[in-house]
Amino acid sequence: MTTPIVYASAGVAMLCIALFGFLTARHVLRRILALNIVGSGVFMMLVALAARPDPPDPIPHALVMTGIVVGVCVTALALALLRRMFADEGSARLPEDREFG
Amino acid sequence: MTADAAALDILLAVLLVFLVWRLLTLSDLFKATILFIVFGLLLSLAWVRLRAPDVALAEAAIGSGVTGALVLDALRRLGAHGAVDEARPLRLNLARLSGGLLVACLGAILLWSVLSLPAGWRGLSAEAMAAMPHSGVTNPVTASLLNFRSHDTLLEIAVLMLAVLGVWTLDAEPKPSAEPAGPILDLLVRILLPLMVVVAGYLLWAGGHAPGGAFQGAAVLAAGGILLHLARPFYLGNHVIIRLVIGFGFAVFLAIGVMLVVGGGRFLEFPSRHAGTLILVVEAAATISIALILLALFVGNVREGAGRDAP
Amino acid sequence: MTGAWIPLAAVGTPLLTGIVIFLLADWRVALRTALNLSGAFVKLVLVAVMLRGVANGYDYSVRVAIVPGLDIVLITDALALLFLTLSAGLWALTTIYAVGYLENAPHRSRFFGFFSLCIVATTGIALAGNLFTLFVFYEILTLVTYPLVIHRGTREALAAGRVYLRYTLAGGAVLLFAVAWSHALAGPHDFVAGGYLRELGTDQRLSLTLLFGALIAGFGVKAALFPLHGWLPAAMVAPAPVSALLHAVAVVKAGAFAIIRVVYDVFGVEFAEALGVLGPLAVLSAFTILYGSLRALAQDELKKRLAYSTVSQVSYIVLGVAVLGPLSTIGALVHLVNQGLMKITLFLSAGNLAETLGVHHVHEMNGVGRRMPLTMAAFTIGALGMIGVPPTAGFVTKIYLGTGAAEAGQWWVIVILAASSLLNACYFLPILYSAWFQPQTAPWPHEHGTGFDAKATLLVPVLFSAAFALGVGLFADTPVSPLEWAKLISQREFGYAR
Amino acid sequence: MLDLLLGSALWLGPALAPLVALLLLLVGSWPRAAVAFAALPALLVALFAPTGTVDLPWLLLGTRVGLDETGRIFLIFTASLWLAAGIHGWSYLHEDRRRATFFAFFNTAMAGNFGVVLAQDAVSFYVFFALMSFASYGLVVHTRSPDAFHAGRVYIVLVIAGELALFVAIVLWMNLSGSIYFSDFIASSTAAPTRDWAIAATLIALGIKVGAVPLHVWLPLAHPAAPTPASAVLSGAMIKAGLLGWLRFLPLGTAAPGWGHTMIMLGLTAVFGGALIGALQREPKSALAYSSISQMGFITVLLGVALSAPEAAPAAGLAAALYAFHHAFAKALLFLGVSMLGVASRLARGAVAGGMVLPALALAGAPLTSGAVAKAELKAVVIAAGWKSVALPLSLAAAATTLVMLRTLYLARHASSPGAHAPNWGMWAGWWLLVIGCAGPIWFFAQAPVDLGISFGELANAVWPIGLGLALALAGRRLQWSVDRLSLPPGDLLLLLLRAWRGANFASAVRRALPKPDLLSPRPGLALRMGLSRAEAVLSEAEVVLARRAGLAVLLVAAVILLAIS
Amino acid sequence: MTTAAWMEALLAAPLAGAVIALISGRRAAALVGVVTAFATAAASIALAFAVSRSGVLRYAVGGWGRPLGIDLYVDGLAAVMVAITGVVGACISVCAAGYFAPKPTHADLPSDKHDRAWLYWPLWLMLWGGMNALYLSADLFNIYVTQELIGLSGIGLIALAGGSAISAALRYLLLALAGSLLYIVGVELLYAGYATLDLQQLRDRIDANPSTFAAAALMTAGLLAKSALFPLHFWLPPAHGHAPVPVSAALSALVIKTGFYLVVRLWLHVLPGLAWAHLATLLGVLGAAAVFWGGVQALMQERLKMMVAYSTVAQVGYLFMLFPVASVPEALPGALLLAASHAAAKAALFMCAGSVLAVYGHDRIRSINGIGTRMPLTAVAFALSGISLIGLPPSGGFAGKWLLISAAFAAGAWWWAAIIVLGGLLSAVYLLRALAFAFLEPPIAGFGRAPWGMEATSLVLAFIAVGLNFAARPLSELLNAGAG
């Protein structure tokens, strides 16, 4: 019973750190990474939850897999937009973040 | 549970958290991306430890593999200038302090929720197990994905399509400088590509009873395509064939769902006798589509001759 | 009731006319004019039918539910018909006038379309059977008059329109609040002679007083009560028929009419008195009367002077309402009609001067009486009426307001009336003096044509309205006169209230 | 129905006839002259119609017109004067290019005047009174000279003031009696607190028309400014409309001693002041106007007596009517004479001068004239009411009247009215009509079967003031008091007022006092615009900050929500 | 056909249309799109009728049923939202058929984008399908997926405009992603607590404990970010202001409402067991702040489209003022009516802005003299939808506000009424400021023509917005049918 708790706690920690990273980051790429990790943290909590009963609860697994796929889609689109913005505007930050260090 | 297993879990967990910390504080985004890929691989390990091999496969193939490749590719296009983030996340100011506090509070609540969960928490595993005989497959995760919660999956494939559509709406990007493919890469492609196709097929077929399935298979297939693209860059465009393949999986899935309605059932209600077959059909179609989608996402909206140079 | 279609038709006739006119090309003069006139005529006939019916005790009420418990109600009590008749009659006059006035002007379809819609709103206000309906049409009125105010499309007109909207919409907002509040207090309720809020008693004095204030503030904008009158002079940039309509029929009258409804049929005049809200209202309106007159004194622009005169005159109605008693009620009600007739005469005459001679200012009017005797004769009747010189319409009002005030023991009101008449004389008589007794001192600013007086389409409505303005005073006590209706209404109000 | 028609024709017709006659002005040459005879129906009605009233409820607020005995007396002299003045005026103005305009106003005022006499309710009285007053403005300013306009302005201001006061009076009387009919006014409660106000308003409203001090200021300006025929009716007929109003409105027969005393004081002031100031005029018509003020002062005294002693009221009413009758003809004749004297041929001048002496004597109350009768009646009433103390001043006043008459005749002899022409037949006709009117009563009294009771004492009483006046005049002449040096411009009190107001024109004062733009008309000022642009900058900045702290904002919202629900 | 059939149609039709449009490509996409749009719209209306006739319906997709499977659930609320989406969506489709026509007829879409314009259709149909799926879903996680569907298609649509729309789209994406993740954390917590994802079951099982609170807070915050409630609105104006016209219309009119709908669903139907009075007040306060903030910002905009976009910020605020008075029965119909008329009016306004943009080549408010003369249809549409947005009678906006105000009074909270009234004034100020220029003479000569259908569609939508005045009664009946 400790394994799920360990990983769930790790998930919480990942989530929080990444969320903080998202808050502080300005570079869009890093923000995308941070959000991906936030997602991973949530998924880890879910999967850790699923691991409690025996056999494991398959529903959270399905949810996480869906989440991973959705995540990659969003990431891909975000990266494409980022590249486009960088090509157009020469910066990888959103307009409001550009003048600050 | 043995002590060394517990130690492994704790080590892995700490490592993961540490990686997260590092990759968010490194100013070199390239290094951070490498760490992100490593993080994804370690995460797969964690999924395995949590008895979620399907998720582990998906994470390795998609979460770490495809995403990592996408990020690396994006970084390459951003160039040396765009890849550096000079921000110092640890420099405190009021906003960061309050953000940190809020995040800490959130963490505390989440931790409380994790720790306060009753020991006998069952979730829906019992219901899932009870429903397995009617699902047409023996892998509960596949059953969940493609039968119990097939509606989610249908929409998920739509989301994948949308990502490609979104990328297509953007202006074409400048062609990256064509690097001659090295002989090693060329060789790798020659060897790996057929292997990958086989692995993908296996994963797809195995999905019914063992870890694996459409997404994992498609990811492997897409990885092959990416390798090929790296070795011999090609551009997909949005020709009708490409569009057809991209839409194929979703169309088949939706058509089956609608057909079932026409046949007198409910939307996406696979009759338990044919469930296995139908799921396989759907998965097969989806695999092809998803693979192409992932590849298209990687290749991006670059067309020969249509590229505009960045200002 | 089988006649329920009649009030609907009364609202629908101008609506239909307006919509069809919107769709006409600008150059379809004959068709548009025919439509306008037939619309006006049909409406007059409908009004006549209703007048007859109501006099014989029929009830034509219509009820259309919007939300459960919230109905659009059209009623045809005597008060409604009083206002309706005024609007129907003056619509006809103003339409004829406008046809002549806007010959060859651009955007005529738009103009006449909104003009008709304006009448729709006015009709709705007249027939409104509950506060909600009244409010709805009141707001519609704001909307459809706005394009008329800015019809000329100049920056000046737009600025005036902005001012207009600023006031009316703010008033509308207050009103929305107040109407909803009244529903919260007493539920949706139809107008009842003697008021329905009195059932609440004076326990809720504070909220009822505030409600009264909010309603008056909302309706007072259009009635141009003192601090809320600023839009009226600004709106003078509109073409003359619009000013006439705004000042005589539609807008200010709507405000005054609504105040009458609020005091008589929502609160009930005796309950309002018991609440102690009539006194402040009387003081406010009295102040407006004097203030408007004083402001009018200082205006050289003829229409502005008339506008401030309206500010002053409309408050007579409110004053009559605010003074408790049947006589002052009669005064208020009859002034609703009388002021309309006189003011429309004045505005149409002013329009004639502007259109025929290009005269816009008082100082340009020397000797104009000789050049345009009929127009100026009409103007004179209007002006004397405003002063309250007998036997014009204004005199009847003043007599009733005065005796009403005496009846209520509010002696100071008589002083206000006298002072106002004096001020009216101060700003109207110099105009008459220059027009009639001074020789022409300068060429007319923009003389169009050299014919006798103004052209017929402009002249005939003016003469008609002047004749009416004189007639309702001269034959005040004839059975079908406004005064008789006003007496009927007053009887009803005070009959029930007792 | 027939009664109604007949009654309307009899008692409303005279008032409408002048208005109808106006239509004649629109037609061709000869029938237009009939306009001048517009007063004829009224005269006929006055002489031959029976008394009575008719109600026309649909007209105005319920009209009642009719003829009573007082009304008959008033209508007789009013109609005669208008007839004479009309005929005279038509000829007098035959070279005037504004003759039609003149007659438009003239007939309108005439209609008003007749209506005033015939009206038996306050509202229609008010209507006709206003008609008369406003139309007279056109008579006053007929010459369009600056003086005329000045006089017109003063006149119209006081007309307006009078209208307002009359309005107030009517409102108050209606409130007191609950009716608009004069017959009900008397019955109104004497205890009501507003009665005093009603009386005051009535006195002011009609006092303006009567020329009662101190409301007379318009009169010496306006009466002379008008063409002579108009002056004649203004001073002779219309001035009496105010008097009639007093008779109609005031609660004669009930006690109002305070007001009675006031009226007596003011009346006496008018009697002497008017005469003395009149004697110091340079224009014959001004002098006549002042004389009118003076003469109306007599009647004011009379009514004051009636108010203070209710039992004298009936007699006082009759006496007032008689006095008005006498004064009307006399004053009108004098006015016409003034316009004819300066320009007539030598022979004619004698006739005119002779014709003028007659009314002058009558006004001074010489024996055998109508004036003597009227004054005797007046004094009798005054004495009977116990106001012996007033009788002597009234006698003395005759001396003052003599002075002003002498002055008038003197001025008329030497005056030359510019633009006037030799009298033609119409002028003579009008003049003769008035002579008859003036002398007629003498004939009437001479034929009277009753003993007039003219004792020596009374004769002496009548003569000595005239003698005194003559003596004073002669003395003044001997002492070479140059009247010209002492002369006062017409307008007395008004001049003081005007001087006080000069430089402070009312309208411009108002204009200055009020802020030019409307206090509350919104002018989006520069400050507001600047404030808006500053606000815009702040808001945009705020949005940028929000966007930069997007994640934080979301988390904060979450935290706040959490706080809110837990 | 039954309610279930219409639900199936509503789910499948737009998605099928999207994939067919995708496959058929540039040439036939528009045709497919418009046909699908009308079919879907018809189904939406049919569903509303079916629900009002036969009441709520729960539909187990795949036949599994909750908690294992995913349930669809339609009640009056969902039917209303679907119907709004259907009607406005059809109009937007017609407008888009002209706007995204293969030939360049409009100024704001660079010509080199025309070969990609057809992508609008699959994206838009996906968006529509996603909205339908969201409204009909009864499963928390399914709702997450539909939100992603909506978000991604919305972002793709915004990106169609290129240029400065890209960074706006990126900002929107990051915020939407963050919001979704918060939502997912909430889902995780709820699943951990109650082992179900079904809304109804959650409602029955919910109890007050910290993790439920946290879940509720996180989900709500995520949804507020998506519905652009002040102060989380900052992403909206750039995104909606820069997107192509039909996209702006769809986003502002429809997409924003999904977040609002979910908050309503969550708090009125799933979590009413929690004591949320303070939250309700908080939402009301935020709504009030949005009304003023958005209003003032709109007043200061120089560009018509940006003004309209900020107007959305303000209008969203009204919707959230539902919560403090939600206990009164009139409140929900009022808010929904407001949402419906806002949808129609806002879409119309964006189209008007688009027409102006096409004709004049710009949409600077100060230089659109005489659109009343040059483009009377647009001017009328602008005026009518403005009336509805301001809340003047007769209009849907008025009826909605009236109901909300009445509810506020009935709840004894007159200050909400006052705010609604004042907010209406504020919107009057900025809308009429723009509208006044329509009448300014002389008209400036434009140099283009509005895409076909856009003017007409905007007029139709404006009339719908006004005509909704009379929809209050059927709407409340529909809602009651849902509840019963």
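Going in written order, the chains are labelled A, B, C, D and E, and every chain counts its residues from 1.
Following the convention adopted for this analysis, a residue touches a chain if its C-beta (ideal position, glycine included) is under 8 Å from a C-beta of that chain, and two chains touch if they have at least 3 such contacts.
The structure presented is a predicted model; accordingly, all values stated were derived computationally and were not measured.
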Set of chains adjacent to subunit B and to subunit E: A, D
Least hop count linking subunit A to subunit D through chains in contact: 1
Pair joined by more contacting C-beta pairs (A-B or A-E): A-B
Longest centre-to-centre distance from subunit B, chain (CA-based): D
Farthest chain relative to subunit A (centres taken as mean CA coordinates): D
Chain occupying the most central position, where position means C-alpha average: C
Distance between the centres, which are taken as Cα means, of subunit D and subunit C, whole angstrom: 37
Intercentroid distance (Cα basis), subunit D paired with subunit B, Å: 108
Between subunit D and subunit E, centroid-to-centroid distance (C-alpha), Å: 78
Inter-chain centre distance, subunit B versus subunit C - centres from mean C-alpha coordinates, in Å: 73
Junction residues of subunit B - those touching two or more other chains: 95, 99, 103, 106, 110, 114, 117, 121-124, 128, 148-149, 152, 156, 159, 162-163, 166, 170-171
Contacts with 2+ other chains: residues of subunit D: 544, 547, 549, 551-552, 555, 558-559
Contacts with 2+ other chains: residues of subunit A: 15, 19, 22-23, 32, 45, 49, 59-60, 63, 66, 70, 73-74, 77, 81-82, 84, 88, 94
In contact (per the touch rule at the top): chain pairs: A-B, A-D, A-E, B-D, B-E, C-D, C-E, D-E
Interface residues, subunit D side, partner subunit C - complex: 57-62, 123, 126-127, 130-131, 134, 141, 144, 149, 152, 156, 160-161, 163-165, 167-168, 170-172, 174-175, 194, 197, 506-507, 510-511, 514, 518, 520-522
Subunit A to subunit B touching residues, read off their complex: 1-10, 12-21, 23-27, 29-30, 32-34, 36-37, 40, 43-45, 47-66, 68-77, 79-84, 86-88, 90-92, 101
Subunit E to subunit C touching residues, read off their complex: 330, 333, 370, 372-373, 387, 390-394, 398-399, 401-403, 405-406, 408-410, 414, 417-418, 421-422, 424-425, 428-429, 432-433, 436-437, 439-442, 469-470, 472-473, 476
Subunit E residues within the subunit D interface of the complex: 171, 174-175, 178-179, 182, 208, 210, 213-214, 216-218, 220-222, 224-225, 231-232, 234-235, 237, 274-276, 278-279, 281-282, 293, 296-297, 299-300
Of subunit E, residues touching subunit A in the complex: 68, 141, 145, 148, 151-152, 155-156, 159, 163, 166-167, 169-171, 173-174, 177-178, 181, 184-185, 187-188, 191-192, 197
